[in-house]
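First comes the structure, then the notes that go with it.
By letter and in written order, the chains are A, B, C, D, E and F; residue numbering begins at 1 in each of them.
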């Protein structure tokens, strides 16, 4: 396990210790949930799809009108600087999970008072991926039980989920709702107001039926980078993968299902509201996708996560909090 | 003007300088917009309706399941301690604007690492009310031009607005939208998805027609403390005040309109999308309500705000940001 | 306990043994869920609000256009005949639960074949109320935990719930959903598609706040006879009872809550999704209403149900199935 | 015509005379409309797509959680046993229409009383197809006038139409509504709440425009077996057939339209709300599909139905009741 | 009968013969349906509620931003001038039906070309009321059969019905739909998209239940002047009249129903979709309201209309076209 | 510039001077917005896609049930006759803009009085295209700023936009709303009630992303003839053009955008709510489409419009009124 001490966070051009990586209570991020972000991962210490994450980040910044001056190339460079600064404090088998936060900064009426930074904030943190996936190893055995919540996804016309933003209290409300559901390995699956499957609170959803891979239309969801990679994998494997409207009936009658997210890549979903999907086991095609992914990145994704689980992971207190995985 | 230096913020039992009042980037508040809050004001240094604010705060805490142990009485006491600690740094004519933030704290997967506080955060800040109302004095002369945005209010079943929470990016999007509207003194007025008037991004809305005062049903809105006080005032003045569905047509054909919010109490709305409401002037009944309010709290509300405007207010950079006034 | 043998059911003018009280597989009731019905109860063997039930039944019949010729007076008479026929087989402490079913009869294309009754069917069954309330006694101690389901109420414009009909598969789906919720004493509470509280799957819902009793507007609900009686009781007790839009936030912040239904009259609801409502105990006003009801009908409603629970009730296999109580 | 006497119905493992094929009034099917079913037909006494019907049935059973133990193979076998038992009572030119009903059984609170069967019910009836299609022969000449009802289809998120269930009172309400429409040969066509064409009350709907065959997306409809067969036929004929959103405007401006259902296979729709579609005649492509179907099953579908019409069909009292044809 | 020749229409300050009362094809009214209007009537040649009509007209003008300079007093004066000019051509028993049209005028790109009037158009026509009510006399005997159409009312947030405007093609579509309904005396009754009763295509709707008079909330309807007068009448008669949500179920179970409109004042509605309302006769309270109205205006409203029917009315070609009566 | 005098309009078989081309105030077109229409243009005096316009017109006529007897061939002939009659009054560089209006005619209750034409009206006007596009030349330089309005498109199930009708007050309301937006070159872009991009008030909308051309699904829009031509152009250029759901997020992140309409063919959209789309310049693919169009019709579309702008165009008073361009 990496040494937790020593890690630093890049904030507006300076490195500060992780424990001092904080945001003013007068920041728009804390006043309005007005912050956009990305979270990435590495394979063998090499960032995966970093450019795609940054492009999505800049689309988010544009959409919410944060007047940032940093170019995408500069941002990319600062990410690598941050990794370099932190690598000494990472274990050999650690992967770098980068979190980039961009907020509008302190609201104008509070500026000039606090001796604080004015203007947008850019924050780049870097911590061991194992934190995020701790405890997930068993899910590759059992699969996830997707639970449809009473909480619906907020549709794009009210709050754009394609912008990766921090106004996500409703995701937390969905997670709380699922925590009351009997049994374990329950992850929330949100329907949009039309009753169509949207997404999990930190993951995208797929089903497989008659060798056809299907995922919801990219409307009321975050368009995950891992989700996009499934299309690449399907292309590589000459399998059909389409965006379409999916309803609970389609899930119940599917052959397989899975969820995707940046830290864990792909996890099987073996039941919906405790009703088995297909055989109720890790599906054949799901497995093939995950294997190909592992090969492509030269990392046994499942074994890596399970190995991390084996260590006594003293900082891991509870079950997975799936949000912000995509 | 009060001395900006010296003020302190109560955080989890300790006073810290305002410039150090910050929240970890791993806090649920910054991850999910998972923070509830209140903002109050004083009249003649005496807190107004503090208990009502705290009761609403505890309702919010209950709704989002933040496992706080502090009682409402303890919270009230800490508010007064914070005021006492800051009063020396306030000008004689300053009023205390209290901001209470409560978040769930650092997400479990990040706990134990950072030497940070675990568990919920309670933060009590105290700053001069004049910051918030700077530049508003003229609005008592011109009135507000309410502008209906394309952005709709998120209805309660998707994200409960009656919980005073920080997942409000859509409010900011509405404010940005209004900033493109021609002219000035434009404040956003959000309709709910049914097309009914909901609220502003930091205020509640009222109309007056044939001596009857009307405000939207308390469904897709924050139930403002100032809004509640209008009912008290109407009772005192033997005027009829009802909750009802209000549409833009009703506003266009009303005699008067106004908005309420904690810092400014009540501001006249003299036009809707640039179309005059009634005479297009500060309405007679609106004025009566404001006068009675001033008398009840022994403060000339308008004069106080205008006086603050007269000072060269160097920290005030831009127009009003109306959010979080209620 | 009454003798289960011997009871008869009135079907189209004849008494048949209960075990032979059946409906043809070609009946419109089984083809379309095309059946309307009522279920009543007695207090001290005297039918309660029978006429109101029958009037609602005839409204249902009219709405779905079943061409019945029997008058409401004749129907009432047959109910009493059925009670008379069955009373010998009831225990002294039994109450008569009457179930009246009216269906359109065998679909025309199957008529003339089977030697069956053509035209509408009227069925009047009569069984001991204790069956329905078996196991409910403890709910007067613990209260119900109302659980909001992902399944929404079907709004009136799609399927009129004010017509007491048998097309209620969605109620069953809601009950199945709740059966997966942790803990016990969980009863479904359905929201309508606007997110407003509608009703349970066999009961109406009330909250109490500041001594004011509130129940959903009579739009997307069955207008229960017991619900109507609460208005009578409030009138008798000079308490305010209003129909209004109720949202989960209102329930969470209420002082008390309860559900009403014909067999159990009134049961306290002490939590919503496991969050306590008010004190989390049987509310003061709720209790007052129940006591008054008991006095008015000269029956200790709670004791009666608890007494029935004490008996070894061999025919009672599982927890309450709340549907069709109103 | 077959001898109506003698036919038997398979109920939970036993054959009973058709006139005794009944369901207890305490069965969940009669209490909640909680029954799923299938209806098939034969061509030349050979069941058509029986396996597809059974697979859909088992999907329905799974969706509504009826705890049936019978396997699909056993079910199939019992169907054939039922046909064998009834064939002696069928005319030579009769076809076997199989109806399979599966219900959850008597509600638990009524079990143990009646000496009845506990647990799910499986019922397999078998009757002459001619009953169902009696009077339809002329529709191949005139075509159907599709009438859009005020009654909308219930969308899948409220009551899943892809589950072939018996909670269909709204279908009956739509049929009643159409019965008030002037003229004859009127069949209901339901829009979903978005105003998109969904389905008839016993049939799926297709249009043809510029040689392209279109049918509604499989969302708020029952996915009919005959509907699926149209895709097979189009594939056989190298014609394009797609699922897409269809609105009344598209129907009005189409070249042809038709409906599909198990008993009649395919019927031309020649007008919408009395406005002719295309030429207002039996369309060229519609006819080609029907002819190919006839050839594939070695049955002149139209002639068979018309021949049955020619007989004096004493048991046929009224016009077609189209429900449950798909 | 009045002499059809001779009547004149006031157009932008000049009187022109009725046959020349026309609007340019380039007028915004014909391009966009961009015209607001009022239609009144007299009793004994005296205009009824003219001022209320004009105030509603000016509210409409304000809402759609037609830049008219004429004051409401001038408008009123021109109405009287028009009546004076036309009275010689009216029969003694004629009443004056005034139609005021206000349009934005010729679109700017067409101005200056045609030698036409630029700027808004004001048109005041005056014709015998008997045209409008011809054939309605029998409706006081039979009552109207209200027919719910598939066509829904457009809700206010999409097209404001409280503005009396000419973009009403959907009303005509509803009338066409009803024309296909069996029988006669059928008038359209539109539901809003929530399934609540809105209004007819030229009338407002009321029900009476237990001596309580109810009419839809004034949201998705035109707020008729006659509708307002019912409230006055109820006040005069000490009867309760409330605005509330009304659904078809409420209509089916009401005691009485009626429609109001300017030309005919009040007509009984005796059935809904051919199902009788209450006794299916002209209701007692409905009659009382109509009688009181007749007395108040010193005109036997029913007799007047029936008398007009008795004449051979050669210009009356077809049944009532109810639009624009309110 | 052509001689404005002399032009004639074909009305019901006769030519009348343009200044006399009017419609009676009693016409259904002015009463209900009950008129359907088409507007075309020529290139080099040759009508473009006239037949397609006429076919759409006849679909509109059919949909709204106007009982016209004229065949499409006759209509086409009268168009050419009208062009022939007007050509002498057109400049050499003028193009013919044909406007065809079809209304139901004078309402029946007004027929026989006025000596007017009874039955449907057919009106064919012909005026110089330059009127319509006056001032648009600069838009080819600056591009349009598309502004999303609070006013939503009326969905097809409430008022069918695929029928090119005159009940379009909501379009005008959207235009008024946009007129309050800061800056210039602002054109309204309407979302449908689901928040999906629908269309402008006189144009269809396209985006380009990764060389893929996308336009909204043809549901809640007018299916423009120019829109259809883009598909033809894409086919010619072997570019992909698809109908799909488009949201503001997709527009903000697109590479290019443009609008199409009959008079101007295609105009670049360079920003959305003032946020640049792609480079914020006239897009490469957009330009290619326009160039190909110009070549196909042997007209430099941009130069022609800019040349018209150069003339002192005295009849052009204001900015573009985009409605009815498609």
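The criterion applied here is as follows: a contact is a pair of C-beta atoms (placed from the backbone, for glycine too) under 8 Å apart; a residue touches a chain by one contact, two chains touch by 3 or more.
Source: prediction; values computed, not measured.
Hopping across touching chains, the smallest step count from subunit A to subunit E is 2. Chains touching both subunit B and subunit D: A, C, E, F. Of the two chain pairs examined here, B-F and D-F, the one linked by more C-beta pairs in contact is D-F. Rounded to a whole number, the gap between the C-alpha centres of subunit D and subunit E is 46 angstrom.
Subunit E and subunit F have Cα centroids lying 33 Å from one another.
Our note on geometry: subunit C versus subunit E, Cα centroid distance of 46 Å, whole angstroms. Counting partner chains per residue, subunit C shows two or more touched chains at residues 65, 157-158, 191. An unclassified topology is adopted by the chain contact network, corresponding to no line, ring, star or complete arrangement. Contacting chain pairs in the structure are A-B, A-C, A-D, A-F, B-C, B-E, B-F, C-D, C-E, D-E, D-F, E-F. Subunit B contributes residues 59, 62-63, 65, 155-158, 160, 162-163, 217, 219 to its touches with subunit C in the complex. Interface residues of subunit F facing subunit A in the complex, by the touch rule stated above, are 191, 194-195, 245, 247-249, 252-253, 275. Taken together, the subunit A residues at the contact with subunit C in this complex read 148-150, 177, 180-182, 191, 273-274. Taken together, the subunit A residues at the contact with subunit B in this complex read 4, 9, 18-19, 21-26, 28-35, 64-65, 99, 101, 104, 107-116, 123, 125, 127, 131-132, 134, 151-152, 154, 157-159, 165-173, 176, 193, 314-318, 321, 323-324.
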